[in-house]
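Next come the structures, one after another.
One chain, subunit A, links the two complexes that follow: it is found with subunit B in the first and with subunit C in the second.
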Partner chain A sequence: MSLHPAVPPAAAADEVGSPTVVCAFAVTRTPPPDHALVSATGHEEGGPLRVLRAGNLCLIVQDVPAALFDSAALTERLNRPDDLERCARAHHRGVEAVFRAGPVVPLPMASLYRDDHSAARAVTAREAALAALLDRLGGRTEWAVKVHAVEADAPADDSNGTGTGTGTGTGGRAYLSRASARRRARQDAHGKALAEAEAVDAELRRHAVAATRHRPQSEQLTGRRTPQLLNAAYLVDDTERPAFAAALERVGADGRHTTVEIHVSGPWIPYSFARLEDGS
Partner chain B sequence: MTDIERGYSGLEPQPYAPVTGNLADLLERVLDKGIVIAGDIKIDLLDIELLTIRLRLFIASVDTAKKAGIDWWETDPALSTRAARDALAEENARLRARLDDLEGAADETVEAVR
Partner chain C sequence: MTAVDPRSPGPAPVPWGGPEPYAPIGVPLVDLLDRVLATGVVVSGDLVLAIADVPLVRISLHALLSSVNERVPAPWPDSGPL
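What follows is the complex of A and B.
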């Protein structure tokens, strides 16, 4: 099947012959029908999505202007927040379009190749591993679960209450002992919250095919005052989804885990599990 | 205690899924280093978390600005190419105005000399 026009229409519309590179979105066995690919938009600056055959697999790609997607230009663009967001969403749209037609191995954003030959070779060189990965990810979705320590209602702050005369010798000692008591209380609370986060993880894992962890996000990123204790992703089989949802209900039920807050997003295309086990 | 957000919703065409709140989650996934196949073109990105924080601050400020009816991101040359063009046009207009002033002043000087 050759869906590759001599000149990509969108590129032809404005600058005939301007050099392009090949941007890859996902590997699949079940490429979407032409009309679905035509209506899907990848990167705004590029041509339509198209299917590139690579052995028994297909790579969904888009021709994008080399001037915008070469190493220097892309580095500069992706280090700018608005361009980064546009690019990430464009990539996700492309992968989503493929996912609607069947199982995918989503590729990382900005997987760029010099030409079709080079892109196809990247797939055929790992065809068996990619085929196994496709089988593993088929009929499964990813769920993102983040666990944070709850914000303390009132930081047990008794520095103005019981402790009178902090200026005197005994007051100073009393102050230190209160300070260390507060520190112990904080450590205890943190330890308890961590243990609850681990318990949440253990319960969710029981209904997942696989689990992986991302680096916990900093408070600067979450905008919360308490630390993120768990930033996990679970690969859940479609048949297990009700059980996984029920487990989420259970761990999130009032009074069950009082020191943590749980945030879930999903179902996601299984990005976090699109990696080859042996690192080949 | 459990918030659930949808990453994509079924088969509905949803060009901007997932919603803005999930952008950090999306970046974590699409930029993840656990690469299956490597491309020909290497990009040198800042730390993902740093990028995401920047992005979050950017979104937060856009949201705040929108609420306040401000659209600085559309007029900041660093953030928009259209704004860059506008900035050029503005500078052009300013220079023309200054030229007119100078020409006017020159004419007056010529007249005063006469």
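What follows is the complex of A and C.
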């Protein structure tokens, strides 16, 4: 059934002049038309995107220079922020080009194979599981929701030099009392914000097929002074999207959750839900 | 529906109801990396399949941290140890 395994890999490499490997972006049943692939750019260093048949499924792949994509070169390049970003965006462009034509299972960034044959074989070996996953992801998109604690009002902090705690004097005991009161207040605020983040999650989950969490992004990454409490992704059926949006409106409404800020982006290709049941 | 913090770095959250971008033109890099590095079905090949491995993700996050540090000055006065 596979069309390409007959192509000798050595011949394919010779044609290009320098050795190439095959970078795979996504698995689909509905390959995009040629013109859509031609107009999409994968990795800038590689050739055009193309369709590789693998049993009843298709892989969208690109030939990329082996010298830039071997393990050492890749590691080095991904250590450079600019290259990391270019690589991530290139991967996203490739997956996106496929998604416009129908459901996709995105592969991890830089899934590389020696040649078409081994790429197709890897997919056909898991054809049933991948087909089931395509069914699960079809007609659904991902929504990213991040919840942060609101920043405390600085004036309130400044004013509690005498305002909180049981001691108002100037002695060591009074100082310790005020310090522990401030610590308790911070802990209380954090606990309350965490509870609100959980409540937001619970409400959104009701309108999602599935939910998952990414590791909260550090304050260095978010550029905020307050912690990220929730970095969640929701798989939302297209028919449920209005209900999900309404739920977002509700949880974000003024006065509803006063200790957190909610940030939403989407729709995303359902990257976060492209997982096989066996965990691979 | 979302509280947009004008101080937060990067592009604004993707607006609702746009023409299905799938998405995110100008999507925040950190959110993209959350997805392309940590997700996806690993269909093992015979060559390299390194990105999903923990060590490489750690490398990448390190790179990303450097990137953020260079491009986005910390929003508070004494930026502390980054």
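Convention: the second predicted complex is superposed on the first by the 248 of 280 C-alpha atoms of A that agree within 3 Å, B and C clash if a C-alpha of one lies under 4 Å from a C-alpha of the other, contacts with A are read in each partner's own complex, and residues count from 1 in each chain.
Here, contacts are C-beta pairs under 8 Å (C-beta built on N, C-alpha and C of every residue); 3 or more make two chains touch, one makes a residue touch a chain.
Every value quoted in this text rests on a predicted model; they were computed, and no experiment measured them.
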{"item": "Which superposed partner A:E203 touches (first subunit B, second subunit C, both, neither)", "value": "neither"}
{"item": "Touched partner set for A:P81, first subunit B, second subunit C, both or neither", "value": "both"}
{"item": "Contacts of A:R93 with subunit B and subunit C, given as first, second, both or neither", "value": "first"}
{"item": "Subunit B versus subunit C as contact partner of A:T41, first or second or both or neither", "value": "first"}
{"item": "Subunit B versus subunit C as contact partner of A:R225, first or second or both or neither", "value": "second"}
{"item": "Touched partner set for A:D116, first subunit B, second subunit C, both or neither", "value": "neither"}
{"item": "First (subunit B), second (subunit C), both or neither touched by A:P108", "value": "both"}
{"item": "On subunit A, positions contacted by subunit B and by subunit C", "value": "21, 24, 27, 69-71, 74-75, 78-82, 84-85, 88-89, 91-92, 96, 99-100, 105-114, 118, 122-123, 126, 130, 133, 144, 214-215, 217-218, 220-221, 223, 231, 248-249, 252-253, 261-269, 271-272, 274-276"}
{"item": "Subunit A-touching residues of subunit B, taken from the complex the two chains share", "value": "1-8, 11, 13-18, 22-32, 34-46, 49, 51-60, 73, 78-80"}
{"item": "Interfacial residue positions of subunit A with respect to subunit C in the complex", "value": "21, 24, 27, 69-71, 74-75, 78-82, 84-85, 88-89, 91-92, 96, 99-100, 105-114, 118-119, 122-123, 126, 130, 133, 141, 144, 148, 214-215, 217-218, 220-225, 231, 233, 245, 248-249, 252-253, 261-269, 271-276, 280"}
{"item": "Of subunit A, residues touching subunit B in the complex", "value": "21, 24, 27, 39, 41, 69-71, 74-75, 78-82, 84-85, 88-89, 91-93, 96, 99-100, 105-114, 118, 122-123, 125-126, 130, 133, 142, 144, 214-215, 217-218, 220-221, 223, 231, 248-249, 251-254, 257, 261-269, 271-272, 274-276"}
{"item": "Subunit C - residues contacting subunit A, complex", "value": "1-5, 7-10, 13-14, 16, 20-24, 27-52, 56, 59-60, 62-70, 72, 74-76, 82"}
